[in-house]
Each structure stands twice: as structure tokens, then as C-alpha cells.
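Chain lettering (A, B, C, D, E and F) follows the sequence in which the chains are written, and residue indices restart at 1 in each chain.
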Amino acid sequence: MPIIEMHLMAGRSVEQKRAVAEAVAEAVTRTLGVGPEQVRLLITEHGSEEFSVGGITAGRKQEMAAVSAPE
Amino acid sequence: MPIIEMHLMAGRSVEQKRAVAEAVAEAVTRTLGVGPEQVRLLITEHGSEEFSVGGITAGRKQEMAAVSAPE
Amino acid sequence: MPIIEMHLMAGRSVEQKRAVAEAVAEAVTRTLGVGPEQVRLLITEHGSEEFSVGGITAGRKQEMAAVSAPE
Amino acid sequence: MPIIEMHLMAGRSVEQKRAVAEAVAEAVTRTLGVGPEQVRLLITEHGSEEFSVGGITAGRKQEMAAVSAPE
Amino acid sequence: MPIIEMHLMAGRSVEQKRAVAEAVAEAVTRTLGVGPEQVRLLITEHGSEEFSVGGITAGRKQEMAAVSAPE
Amino acid sequence: MPIIEMHLMAGRSVEQKRAVAEAVAEAVTRTLGVGPEQVRLLITEHGSEEFSVGGITAGRKQEMAAVSAPE
């Protein structure tokens, strides 16, 4: 431990994933005093219909925004 | 909070995902008395070899059913 | 499936947990067309220092609100 | 219950997934004394940039190994 | 990896937890061909109101069974 | 999103939990370019018999170390 699961919207680049993995591991080892080899991070990516806030999926929210946007 | 992770067999339509997101958010806000903007839902889909009951994956169960089905 | 994990702040009553379990199962069976015996819900409760938004735990936020509140 | 989530690196064969599902279910029913129909297993697979130890993703580690390997 | 989360009803003994940890690790290393030091298992226990099937919590089901049981 | 679940051994102080929450949120917002209000962190703590590596729980490992330690 620590074992960390991070849920993200799909679409991050390899560079972003490597950067967040490194930054989170640094944050955790510094504040909890554990060795870096103890820190495991699992990323799970979700498509725009697999994440919702208040019952509205991210995909549906984008559609609603597109319809209501002024020209 | 609440933060909800829902594991489903792969293959639901966009309409079903939007419907379940809306229905679950309504169910949670009504029974727990939280605002809808507090409710986050994450869906993770699993293929037929990534889910098993009693050690038999869904894919293997389908194969067994196909073999044993009468003509 | 569906298998649902719900993360809540600690402190809900038995009645609330039973109500949300029933309402979520109804929402899922109705929108996804699965039998109720397929729907499993796991609740995990988190204390006020085990949940944070933007790096501020719920407990710290409450302290900050108490300090800054007018008499 | 038991409900088990297993995170794996992507790339296992169907045979391996079926074998691990069967072996884990057998291990759990034998040691916990539950019926096999109670044991549910969910597998989530992660790509080489979605898993990291000590801030180094599996993909980055492979690159580093390739660069530093002697001829 | 593999990283495994196991959800159990609360109340298992230390001996059962040690037995299931050992048996699951053996099952996974044997079928997936990974070293034992790679296998991490996290157990989360749930009380009788934190687990439900078909909208009925385990606690409520026990109450219903007690009421309906013949003398 | 991002929504982050962090599994820790039980026993961290309030100060450590607040420090890791703040540090992880900073790490994530900086590397992924999201607003801090988007970052949610859930901590789940595990007792020494609820975490194992290679089939040996943390509690059993401590016992084995105590037995084998020289005077």
C-alpha cells in the first residue's frame, strides 16, 4: 500500500498519464512517508456515456450544450 | 458523495446508459436527500470473459448452454 | 451483474440504507431490463477525513466553515 | 458475496481468464465456506500506461529497460 | 498486478482471512504465471445493511426470515 | 473526474490524511489541467488482516517477523 485507483475521462495522452503517475507517487511518498516502490496506481478510463453527474452523462451534457449554444 | 461505480456486461446502448444514469440519480437524491449535483456515477463495462459466477465466466457459460441446448 | 458500489459519508440510518438499496435496485431493473436478483449493491462509508474535494477533506472544510461563520 | 474485483495487465488469453476465474472461485469457496453461486469475479484490464509502481508506468519502464539493455 | 479487491460480509475470523489470502494468491500465481510478490489482496468488509441483493439488504432479509419462520 | 480511491493501512493521523489529500489534488490538477473542484479523493483504510502480499497478510507477516527476530 498505498494502492490508488484513478478514474479519468478517456482521451489523456501517454505523456499526461506518465506525468500524473509520477506526480501522484511523489505526493503520496512525501506526505505518507512510504517508499516509492510501495505506491501502485491503476488508471481506469471512462467514455462520455460512462460518467454522469446528477443523472446527466458527459455525452448528453455535451449534446445539450451544443444545442443551446448561440451562433 | 454519493459516488457510485456500476459494473455492467458490455453492450448497453447509449439510451440505456443515459436512462440508468438518470434513474439512479433520481433514486439516490430522493432517498438520501442530497442534491443531484452531488451524485456521480461511473460505469465500467466487462466483456464476457471478464465476469464469472462460481468460477464460470459468462462466455464459457454461453458456450456450455449452446452445446447442451436441444435442437 | 449489475454490481454497484456506492460510497457515502458515514452516518446514514438503517432506514436510509434500506430505502436507497430498494430505490436503486428498482431504477436499475427498470432501465436495464435485468431481474432484481441480478442487482447487487455494496455500500462503503467514509469518515469526514476520508473524503476530499479539491484537496480539502470534509472534516477540514467543516472546521474552516466554523471559524469563518459570523456570530 | 464474496464479490471480487481483479485488476490485470491487458493481454491475458481466454484460457487464462477462465482458469483464474475457476481457481479463485475454488479457493474462496473452500476457505470461506460459501456456495460457488455466491462468488462473483470481475476482471478489469489495464494497458501499460494505466498501471504504475513508484510513479513509473509499465510502458515507461519497458522503454527504459530497452534503452539500457546491453546488446 | 494482479491487484485484487475482495468484498466480504463482516465477521470472518483472522484464520479465515489468512486462509483465503493464501488460497487466492496460490490460485492466481498458478493460473496466471506471476510471482507471489506481485499479488496484492485488499479485503473490504460490509455490515448487514451495506449489502443488498435485489434491493433487500442482508439485515432486512434476516428480519423477514425471522418473522416468517414457523415456531 | 478525476475520482480517486486510495487504499491505505489503517492508522494514519488526521494531519497525514489532510496532507495527502492536498498533495494528491495538487499533483492531479497540475498534470491533467483540471480544476481542483473536479478532484474527488476517497480513502479506504484496511486492517492488518485485510491486506496481503503473496498470500501473507500484514498481520501474519508481523507475527513471523517477531518470532524470527534475534533477541
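Everything that follows uses one rule, which is that a residue touches a chain if its C-beta (ideal position, glycine included) is under 8 Å from a C-beta of that chain, and two chains touch if they have at least 3 such contacts.
Since this is a predicted model, take the numbers as computed values, not measurements.
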Any chain in contact with subunit E as well as subunit F: A, C
Could you tell me which pair, B-D or D-E, is linked by more C-beta pairs in contact? D-E
Longest centre-to-centre distance from subunit B, chain (CA-based): F
Relative to subunit A, which chain's C-alpha centre is the most remote? E
I'd like the Å distance between the centres of subunit A and subunit F, where a centre is the mean of that chain's Cα atoms. 18
Here the gap between subunit C and subunit D, centre to centre from mean Cα coordinates and rounded to Å, is 28
Specify, in ascending order, the residues of subunit F that touch 2 or more different other chains. 3, 7, 22-24, 26, 40, 42, 44, 46, 51
How is the touch graph of the chains shaped: line, ring, star, complete or other? other
Name the touching chain pairs, please: which are they? A-B, A-D, A-E, A-F, B-C, B-D, B-F, C-D, C-E, C-F, D-E, E-F
Using the touch rule from the top, collect the residues of subunit F that touch subunit A in their complex. 1-9, 12, 16, 19-20, 22-24, 26-28, 30-32, 46, 51
Going by the contact rule set out above, which residues of subunit E touch subunit F in the complex? 14, 17-18, 21-26, 29, 35-45
In the complex, go through subunit F and note every residue touching subunit B. 3, 40, 42
For the complex, give me every residue of subunit D touching subunit A. 7, 44, 46, 49-57, 59-60
